[in-house]
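Consider the two complexes below, in which chain A is the common component and chain B and chain C are the respective partners.
Then we have the complex of A and B:
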């Protein structure tokens, strides 16, 4: 029953969306931008219909209505309630409903803000086109309310590694982020078509760029945190194509945030800002395609279907072609004109953009190249972490250096000597700090490590310097926090990469081993039976010269589907994580394979990501209050 | 100013790539794709394939073979797909060059904009 309602709501939202587009076209033709009542009525209805549809789907999951194919394939009666709910968007069909719902939500909120009517019309129009495209896709290829008869008695269950509280909230954040960029995409097209791409456009766009960017930052952080404690290999970023897919829109949006500031402050760089607005959303779509199509070989590719891939790919090509055509025809003529002096803020933002686009192209090429090479020549190559680290690291150092000085530059006056003076303050301080760290904690030195620490400390020093010399802190608080977070993030990543330690061994109860400076004792084992899995805990005592930690990692055997997962046990003192994971061994039946990781500054990596996101959220609230 | 540069050079020279056998092993494991898994390296997997390969690599290292020889052996057996580091060769040329070209185009545009003022 509920399924019918959801399906009906979905169809009605499609019909209403058709009406809305028709209405908008006639209004635009007659040049009638007054009276938003009917437009609002349709726009609101679409949102509420989609919301009903989404809630019904959740309801189907909660009551385990297995006559619904999506529920049957992804749920099970013994699954805890929270995973029944999150199961609604933990699968392809449901996540596409969420995707469209967010498209509609942004349109719904946008019409309630203060924007000129003409811009509002066009933005809603482009947003409605996007909703139309994806609704058709949803209904044709992946209807979440498809039914099966007879109704199965039990569902197939959700992949156990996806049964995790963080993973329940990670996709919504990610989607709010990268679907959120649709609004600035539509708004950019609206600005271009109506020749309104100017400072006032930038002012409004700022909010719609930074908000999804902040949410995406949190989404990426949550995903990374999940990978860290759930996958059980001590890693937090694998340069996995699906991770890359979320990083691409993030990098594009970060470039956009900065270029938009130039448009806002100096009324320059319009074309570039417009292009980035379009490009950011296209990166989001590309990410969706990569994840949803099954072209990837990845831990995350849990929903694969080639037909869907073809549809999404042609959709992306259509949207790209169409939006670029608008951009080329209507591109604001002022574009890059205007003066740029090297030691001036706007010029450093150009440099920032150049680097960010480079980072983006590395991630993009690294992710897509193997797929294309395979398609063209049939040769398969793998692009792993080493590629990314090698090509990114040297550029990252220079980027950090520019990032330290950029915000200290003036918008209107070139002042080279002030920066040389700043350099003479920052450089000795960061040399001293990083040397002390290196000589205290590292028994071997590596040039990459030295440069990484040096430049991240340099950035942190410059931000602190900038912070204390602020006259009105609230003005730049968001930026300072985000930049500071970025500095500590890079710092923590480097320390972590070079100071992490790991021990692998096969042990049985009662064993005690001594490797490196650690003593590991396998004290005991105990068993617990839960509703949908059985869990075996190992109790371990890890000690080094200054610390003793008890860790209880476990192995779970899930019933539906039958699958073993290993659950990590992590203890942190905010400086170092003690991380333990166990799994069964094929070769030594009476022993358990244990893995112990010593991971410094992990907490600081998560904190830094939160700081980066917090800076953005602060800024969006400040922007709202300004209005 | 000169002092700082001197310090950096000193730091660079004093660095040495010390790494124990265990670290080399893990480095190689992390660079070999577990071809029966989904996007994981053999280091991050406990599948039979990964375990067999880890044993094989460890044996080869003990026999005195070096990293490069091991990669060559594995590539000849499983194809280039097995190593995560694509290296620099004909197939991967565009992989390394494309981003660099994009960066240079960006740099060139900024350079031109900076010199526009002199007109």
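Then we have the complex of A and C:
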């Protein structure tokens, strides 16, 4: 029953959306931008209809209505309630409803802000077109309310590795980020079409760029955290195409945040900001395509229907083509010529924008090239982490250097000597700090490690210097926190990469092994039966010269579908993580395979990501209060 | 031909940007070529004229009854139902490495019949079969 209501709501939202577009076109033709009442009515209705549709879908999952295909394929009566709910967006169909709901939510909130009516009209128009495209896609190829008759008695269950509290919140965050960029995309097109792409555009856009960017940052962090503790390989970033898919819009948006500031402060770089606004959302769409079309093999590839892939791909091409056409025809023509100084803040931002675009191209090529090669020549290849590390690392150092000095420069005049003075302060301090760290903790020296530590410390020092010399802290607080977080992130990543240790062994209960400086003792084993799985715990004692840690990793055997997963056991003292995972082997039934990882500064990686996101969120709230 | 000053400027900027972009893409592409790992099915390896010296991935089914252990080193056979390749692996077997099921392995070829594996790639789901493996199996089933 509920399914019918949801389906009906979905169809009505499509019809209302058709009306809205029709209404907007006639109004735009008549140049009538007054009276938003009817527009608002339709816009609100679409949002509430989609909300009803999404809530009914959640309801179907809660009551396990297996006559609904999506519920049947992804749920089971014995699943805990939270995973029944998160199952609603843990599959292709449900996640597309969430996608469209967020598109509509942003439009819903946007019309309530202070923007000139003409801009509002066009923005809602472009947003409505996006909603239309994806609603048609949803209803034609992946309707979440498809029914089956007769109604099955039991569902197939959700993939056990997706049954995790973090995965209940990771997709919504990621989607708010991804889809959130749609609004600045529509707003940019609106600005271009109405020739309103200027400082005041930037001022409004700032909020709509930084908000989704912050949420995307959290979403990426959550996904990475999940991969760290759930997959059991001790890593947090694998350069998997699915991870890259979320990193690409993040890089583009980071560039956009900065170029938009230049547009706001100096009335420059209009075309570049407009282009980045378009590009960021296209990267989001590309991410959606990669993840959803089944061209990649990963946990995220729910859809293996090639028709869906073709539809999303042609949608991307369509949107790219038309938005770029609008950009080319209407690109803001403002003179770029003015006094040009190298040591000026906007120039440093521009330089770092180039770096970000370079990073983006590297990730883009590494992600897309294997897919294109496979499509053309049928050869399958994979691009490993070494590709990314060797290309990105050297440029990252220069990037960090410019990032350290950029915020200290003036917007309007050249102050080369001040920067040389700053350099003379920062450089010795960072040399001393990083050499102390290297001599204390590392018995071998690697040039990449040294440079990585040096420049991340350099950035941290410069941010602290900047922080202390602020006259009015609240003005730049968001930027300072985010930049500080980025510095600690890179620092933690380098320390972690070079100081991590890994031990692999096969053990029986009672065994004790000594490898490197660690002694691992397998003390006992015990079993627990839970609602939808059976769990076997191993008790291990890990000791090195100054610490003893007890760890209890486990293996779960899920009933529906039958599958084994390894649950890791991690103990942290905020400096070092002791990480343990076990798994069974079909071959040696009397032994258990154990993996122990020693992972320094993991906590700092998560903390840094939170700091980066927090800086953004602080900034959006400050922008809100300013109005 | 004579260009005006602003056209000359634009040409200068345009050519600089073009050169920079092509250099960057050349650089990226070069690095990519050095670091990609090619995927082979046992049939592909049979068709090779010489054995590649760099790291490759091998995918297929783990032949039933072929898994053996000797001094902490595992031995097994990867098959595409037609050709077989003997694999040696020193490491831990992941949860879902099961005889008769599909597996993808990374390592180097010693010769066309013998593969030295360094990693067995993890799978997320017991019944999942990598598309590359599925393709090679399909081909051989049809040819039989």
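FYI, the second predicted complex is superposed on the first by the 618 of 627 C-alpha atoms of A that agree within 3 Å, B and C clash if a C-alpha of one lies under 4 Å from a C-alpha of the other, contacts with A are read in each partner's own complex, and residues count from 1 in each chain.
Quick note on the criterion: a contact is a pair of C-beta atoms (placed from the backbone, for glycine too) under 8 Å apart; a residue touches a chain by one contact, two chains touch by 3 or more.
Note that the coordinates shown come from a computational prediction; the quantities given were computed from them, not determined experimentally.
> After the alignment on chain A, I want to confirm one thing: do chain B and chain C clash, or do they fit together?
clash
> Who does A:427 touch here: chain B (first), chain C (second), both, or neither?
The first partner, chain B, only.
> Tell me the contact category for A:583 with respect to chain B and chain C: first, second, both or neither.
both
> Quick check for you: in the superposed arrangement, does A:159 touch first (chain B), second (chain C), both or neither?
second
> Can you tell me whether chain B or chain C touches more residues on chain A?
B
> If we overlay the two complexes on their shared chain A, which of chain B and chain C does A:235 touch? Say first, second, both or neither.
first
> Between chain B (first) and chain C (second), which does A:593 come into contact with in this model arrangement: first, second, both, or neither?
both
> Which partner does A:362 reach: the first (chain B), the second (chain C), both, or neither?
Once the two structures are laid over each other on A, A:362 reaches both partners.
> Touch check for A:563: first (chain B), second (chain C), both, or neither?
After superposing on A, A:563 lies in contact with chain C but is clear of chain B.
> Touch check for A:502: first (chain B), second (chain C), both, or neither?
first
> Let me check the overlay on chain A: which residues of chain A are in contact with chain B and also with chain C?
Shared contact residues on chain A (touching chain B in one complex, chain C in the other): 231, 233, 297-299, 358, 361-362, 365-366, 369, 379-384, 386-387, 391, 583, 585-587, 593.
> So in the complex, which bits of chain C are touching chain A?
It comes out as residues 24-25, 27-29, 31-32, 34-39, 57, 67, 69, 72, 74, 91-99, 122, 124-126, 128, 130-132.
> Which chain B residues qualify as touching chain A in the complex?
4, 7-8, 11-12, 14-19, 26, 30-31, 33, 38-41, 43-44, 46, 48, 51, 79-86, 91-92, 94-96, 98-99, 102-103, 106-107, 109-110, 113-114, 116-117
> Okay, in this complex, where on chain A does chain C touch?
Of all residues in chain A, those touching chain C are 159, 161, 231, 233, 297-299, 358, 361-362, 365-366, 369-370, 379-384, 386-387, 390-391, 504, 506, 555, 562-566, 583-588, 593, 595.
> Residue numbers of chain A touching chain B in their complex, please.
Contacts found on chain A: 231, 233, 235, 238, 240-241, 296-299, 301, 336, 339-342, 347, 350-351, 353-355, 357-358, 361-362, 365-366, 369, 373, 377, 379-387, 391, 395, 427-428, 431, 435, 438, 443-447, 449-450, 502, 583, 585-587, 593.
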